[in-house]
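Letters A, B, C, D and E mark the chains as written, and numbering starts fresh at 1 in each.
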Amino acid sequence: MHGAQAGTDGELDLIKAIPVRHPGRWIGGAVILLFVALAAQSLVTNKNFRWDTVGKYLFDVLVLQSIGWTLLLTVAAMVLAITLAILLAFMRQSENPLFRYVSWVWVWFFRGTPVYTQLVFWGLVSVLYPKIIFGVPFGPEWFSFNTQDIITALVAAMVGLGLNESAYLAEIFRAGLKSVDSGQMEAAEALGMRRSKIMWRIVLPQAMRVIVPPTGNETIGMLKTTSLVLAIPFTLDLTFVTNTIANRTYLPIPLLIVAAIWYLVITSLLMVGQFYIERYYGKGVDNVTHKPVKATAAAAAAHAGGTPNSSGTVKGQQP
Amino acid sequence: MTETSANPRKQGADVKPLVSIENVHKFFGDHHVLQGIDLQVNPGEVSVIIGPSGSGKSTLLRCINLLETISAGRIYVHDALIGYRERNGRLHDLSSKQIANQRREIGMVFQRFNLFPHKTALQNVIEAPTQVKHQSKTAAKLKAHELLEMVGLSDRANYYPAQLSGGQQQRVAIARALAMEPELMLFDEPTSALDPELVGDVLEVMKSLAKSGMTMIVVTHEIGFAREVGDTLTFMDDGMVVESGNPREIIANPQHRRTQEFLSRVL
Amino acid sequence: SNAEESPNNGSDSSTFDPSSVAKDDALIAMLPAALKDKATLDVGSDTSYEPAEFLASDGQTPIGYDVDLAKAIGAVLGKKVDVHTSEFSTILPSLGSKYDLGISSFTINPERSKAVNFVSYFNAGVLWAVQKGNPNNFSLDDICGKKVGVQTGTIEEDPDVKDRNQKCLDEGKPAIEVISLKNQTDVTTRLVSGSIDAMSADSPIIKNSLQKTGDSLETLGDVYDAAEQGIAIAKDDTAFAKVIEQVMNKLMEDGTYTQILKDWNNDEGAISKAVLNPTASK
Amino acid sequence: MHGAQAGTDGELDLIKAIPVRHPGRWIGGAVILLFVALAAQSLVTNKNFRWDTVGKYLFDVLVLQSIGWTLLLTVAAMVLAITLAILLAFMRQSENPLFRYVSWVWVWFFRGTPVYTQLVFWGLVSVLYPKIIFGVPFGPEWFSFNTQDIITALVAAMVGLGLNESAYLAEIFRAGLKSVDSGQMEAAEALGMRRSKIMWRIVLPQAMRVIVPPTGNETIGMLKTTSLVLAIPFTLDLTFVTNTIANRTYLPIPLLIVAAIWYLVITSLLMVGQFYIERYYGKGVDNVTHKPVKATAAAAAAHAGGTPNSSGTVKGQQP
Amino acid sequence: MTETSANPRKQGADVKPLVSIENVHKFFGDHHVLQGIDLQVNPGEVSVIIGPSGSGKSTLLRCINLLETISAGRIYVHDALIGYRERNGRLHDLSSKQIANQRREIGMVFQRFNLFPHKTALQNVIEAPTQVKHQSKTAAKLKAHELLEMVGLSDRANYYPAQLSGGQQQRVAIARALAMEPELMLFDEPTSALDPELVGDVLEVMKSLAKSGMTMIVVTHEIGFAREVGDTLTFMDDGMVVESGNPREIIANPQHRRTQEFLSRVL
């Protein structure tokens, strides 16, 4: 009734079905395209945008320098924030209740208050505390600094942005660490690895898969947040410089566009970077050429039961 | 266990098959995974498929349920062509709505249960009847309690999957599929993710289903189940049907070398 | 609703009553068609520049001499006046559509005149302030290396202090440390606390700061570099700009203009003739 | 040699071991506490902070009203953003390439440009496009609006914030949807459920576990971002109102503190809300009283093999 | 398979036990999970533990490896008290460093493998030797290749766990544990997450390990393995040792009703 007569006919009658038509989708698409086209057209033709001025200042040397400063601030603040966030996330999991508590308060405070206010305070720190004195509290003074000499505008900007961001990232890292299977921790413990090593070598690298996308969001956000360093005041970043030009020429819109274009360019580069970082941390998980032998292999990474070598051993055997 | 394969209803020569798989091929890229499968399952029959890993058993089940599209051949369930409409000699894809309609007639139980973890056992069972068949919640719940009773879990209705053992989860998965009152049930290694002690419960439920006359296609490694419950046994290898027939005969007397090899490993 | 905290110079209680100004039908007739039918004159103003334009203690109502002048202009043209709080970056692009006029202590210079029409109406110079008694002996002749506060976007920041800084650098002296802040209040606060040595701003602003901070600051030297400020009108609406020029001249002639400035203690900056797009003084 | 003599001795000699001492930890903790104490002390005693002024304006009626507006803006913008983000995340997974592409461009554009610039444009929309005309493009006009009448400052503020935020949330939602096991989708498909139903009832509720924490971050961020609506200009929010008071009284620091205190209070409330939302969406997964019969039960949710009823049946049987 | 239990080295009466578990109790809250366990394992012996789900088998293994702390009793491995230091008649907790040192002597293989998914098979194996024992990378790799050879996976060294079948993953996990050259290996149902076809490979490796003289405690449902390889078989139920002795005798002739019941279900 049924048997092994398959494969005997030389030519296969492959199914080439006529796809379902989705006119609604294409109309929807067309409407969207139309809107985009209209928006683009009015963007180009509306004289308020003054594309000549945009062109003139896009590669202005001041603007180009300010991009450098903006990038420096972004990178420095994110590096500081990531370092602190890892520390905070580890502290949050510590056995020492004091560490856990400090970590919680830190996140609560820095997430809770506006970064602008924080930056104002970092700018005022030398006003509020003109000298930083190291010594025994209520006792002798060892040595002291003029705060102004240490906390320059650049340092204040980096520290202010970094500390604020660390609170947001700490939450992201916390969620990431939580997402790693507890079996990983146990397996590493059973091998005699110590907790700090386990965190660094086993848990964190796996958590990165979950951590990277929201951190990308935060980095792109930070790029724009740097414009708030005006509060310190730090006056070399992209927004400040384009604002200054706008003030001089009374042409704010084209200069906002100049800034927006540059932010967009940097964001695009960051998104490319994020793509590669995501891919790096996906190694062994996302970007492996799975052999989906099991229909449900994708279901459980822990039991990713592929048997890549079992098919093929019987190749060509005709029953 | 009573041996039920002598049931004349199932063996009648003039019975129209419920499932008819005709020369089905499936490619994944260049990989020729199903190389012309023919298989018929009569109403009320339990058709057991065995075969080594990678031989295409899961793929075949998934093609029947439209989780994969076939590359060539035809699959009919209840005389309806699965996945396509034939008009003027040409095949047209079915719309997603029509595909959903066809799937309703076919219940599937997966190796890894795939219960909805955010819903209790009861909610898992009534999800499809209320959402797909638009039954009232009360009616669906009544039916769901019956089904949970049947799989021996009436006292676990309000547990979340994470609170159930593997065997209990798999039984809820069976009740969930049955709640749609399918004509055909597909089982893809329903016990292979279970510890040996938990296997029995699930096999018990499947046996009673078979006795109640449900048409079933079962991919399994449980040779005992195949022998006791199966009406036909099909051995697949390398995307082809190697041997097919009465389970006890094949298990006792495999004709092909591959079948012999395979059975010696599994038994 | 709030009691004022700092010494009150009566800024909250303007005595100006626009109904005292007569409507001028001749000028109304000259208005461009689009404006003739409008019942209100919409004015954009960055209301954080006391005493020129700022918000009353309700936090929403703009007041100040610029606001009173706008009301007077409206009265002459027979229109109600609506002054909208708005940031610099949105005032200028909105001229000619959302706003009819921009009155926000805009200093006129040639580069800016390329972007908008200005009708001059006030003369403000640069004035410096230091802490009472000038404890750091700050002097404009010895400004290099000092900490100087200015408000972002003012002519004090650029070109005045910027040029002085360039001079320092050219002479091989240390650069001026320019603290450029968004609000004048912040600059003043820093001067009071002593974290900057001096600040410079438009003369009316400095005077106001002195009043507001009690007895802690004093001016240094005289007003210099007097520059004209202007009412901004869209570049392509010269007809309307000409009307405004005439309205301002009318207000100057009938004394309303001087009265308003007197009310706000700022008649020193009064000018005698409003001019459309004057060749900028700097 | 060994048998079932256990449990025969009435009294158990429970282990009460002396814990390991961690002097380093306690010193670290003490140093942190000291710093906190010093910071708090100088915060209270530094006259620059003018706590009397803080007290005076903390419950000022203008400030209280502005909190209402700030909350309204935050909630409205987040609701809009979440709605759009879900749509965008679904579009990103759509079979229609046009939808995928539009979704990508949207995220790229709105994440890439500064929200301040976007808000300026929303404020200017009535300038740039004085009339919104519905009709056939290049053909007859059906009806038209004065843009000013529709896009008031409040609407512009909500739309501007919401659209920008939607791009960030779309990334978060995308990552969340990706995190749901593909087996869930297949199981629902096999039951005959349609794609949109599966998304809403099966995939999204499970994704929420991953989505909620970063969305909490974003909501708290949004609370502070509302201060940028001055660009519109919308002048009733907390930052603007406290700034105005600061400008009037020449006391910026205490009024920044007033604003910071209120932001902190609202953030704390939001964090409480987040806790409950997280708990809600953790139902069946996080907050189930697991019976960890399997040592490794936590490892694989898919195979969460607890057997809650198998122990206990043999209770009391003494062999 | 050769039957190795007659090996006199293992049965000598005067041999000091490598593992000595003395009256161990464990509470989870009020739940008395281990109710006074006594068990001795001599060097080179294979001790198999069976018992129904929830009887405390995993908990016992985890206590030996300090993944859980015991509530009462003592566990000695190689005469060293596990988890504590006794001084002046009082117990002191060991520091995390000392605990890590004790764990190095004990290898553990989990039911769900728990390989590090972001590392290849080879990297999984060399992780602990390089990071814990501070071996050079070259030396560790050399040893790792030997071990992978031993478990039959020399050609899979550079595969990520996701690219390996369940059986292959479990064999890598065994190699990983062996790389630390432990004196004692603990296996917690090492085959129960595997499909029937994949079980064989892992059992093969365990048999060869046993033959090489490794001391092993194995929790399993594979009665066949217990019979063939086990030197002693312990049946646990409800946190107690019900029966213990020669595997073949117990399997053929269980003395207690619970043991009989259990064996009838599993066999």
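What we mean here is this: contacts are C-beta pairs under 8 Å (C-beta built on N, C-alpha and C of every residue); 3 or more make two chains touch, one makes a residue touch a chain.
Just so it is clear, the model here is predicted, and its values are computed rather than measured.
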Shared chain contacts [chain C and chain E, defined touch]: A, D
Remaining touching clusters (ignoring chain D, no chains moved): one piece
Two chains sharing the most contacts, counting C-beta pairs only: A-D
Inter-chain centre distance, chain A versus chain E - centres from mean C-alpha coordinates, in Å: 43
Contacts with 2+ other chains: residues of chain A: 48, 120, 124, 127, 181, 183, 252-253, 256, 293, 296, 299-300, 302-303, 307, 310
Residues of chain E whose C-beta touches two or more other chains: 52-53, 67, 96, 110, 112, 114, 165, 193, 195
Contacts with 2+ other chains: residues of chain C: 89-90, 93, 186, 193
Interchain pairs in contact, sorted by label: A-B, A-C, A-D, A-E, B-D, B-E, C-D, D-E
Chain B contact footprint on chain D (complex, rising order): 181, 183-184, 186-195, 197, 201-202, 205-206, 281, 283-285, 288-291, 293, 301-310
Chain B partner contacts - residues on chain A that touch it in the complex: 1-8, 12-20, 293-296, 299-300, 303, 307, 310-311, 314-315, 317, 319
Touching residues on chain A, where the partner in the complex is chain D: 22, 25-26, 28-29, 32-34, 36, 38, 42, 46, 48, 96, 98-99, 102, 108-109, 111-117, 120-121, 124, 127-129, 137, 168, 171-172, 174-175, 179, 181-183, 210, 213-214, 216-217, 220-221, 224, 227, 239, 252-253, 256-257, 259-260, 263-264, 267-268, 271, 296, 298-300, 302-303
For the chain C and chain A complex, residues of the former touching the latter: 88-90, 92-93, 106, 111-112, 114-116, 152-153, 157-158, 178-182, 186, 190, 193-195, 232
Footprint of chain A on chain B - complex, ascending: 23, 25, 35-40, 52-55, 58-59, 61-62, 69-73, 84, 90-96, 110-112, 114, 188, 193, 237-238, 240-244, 256, 258
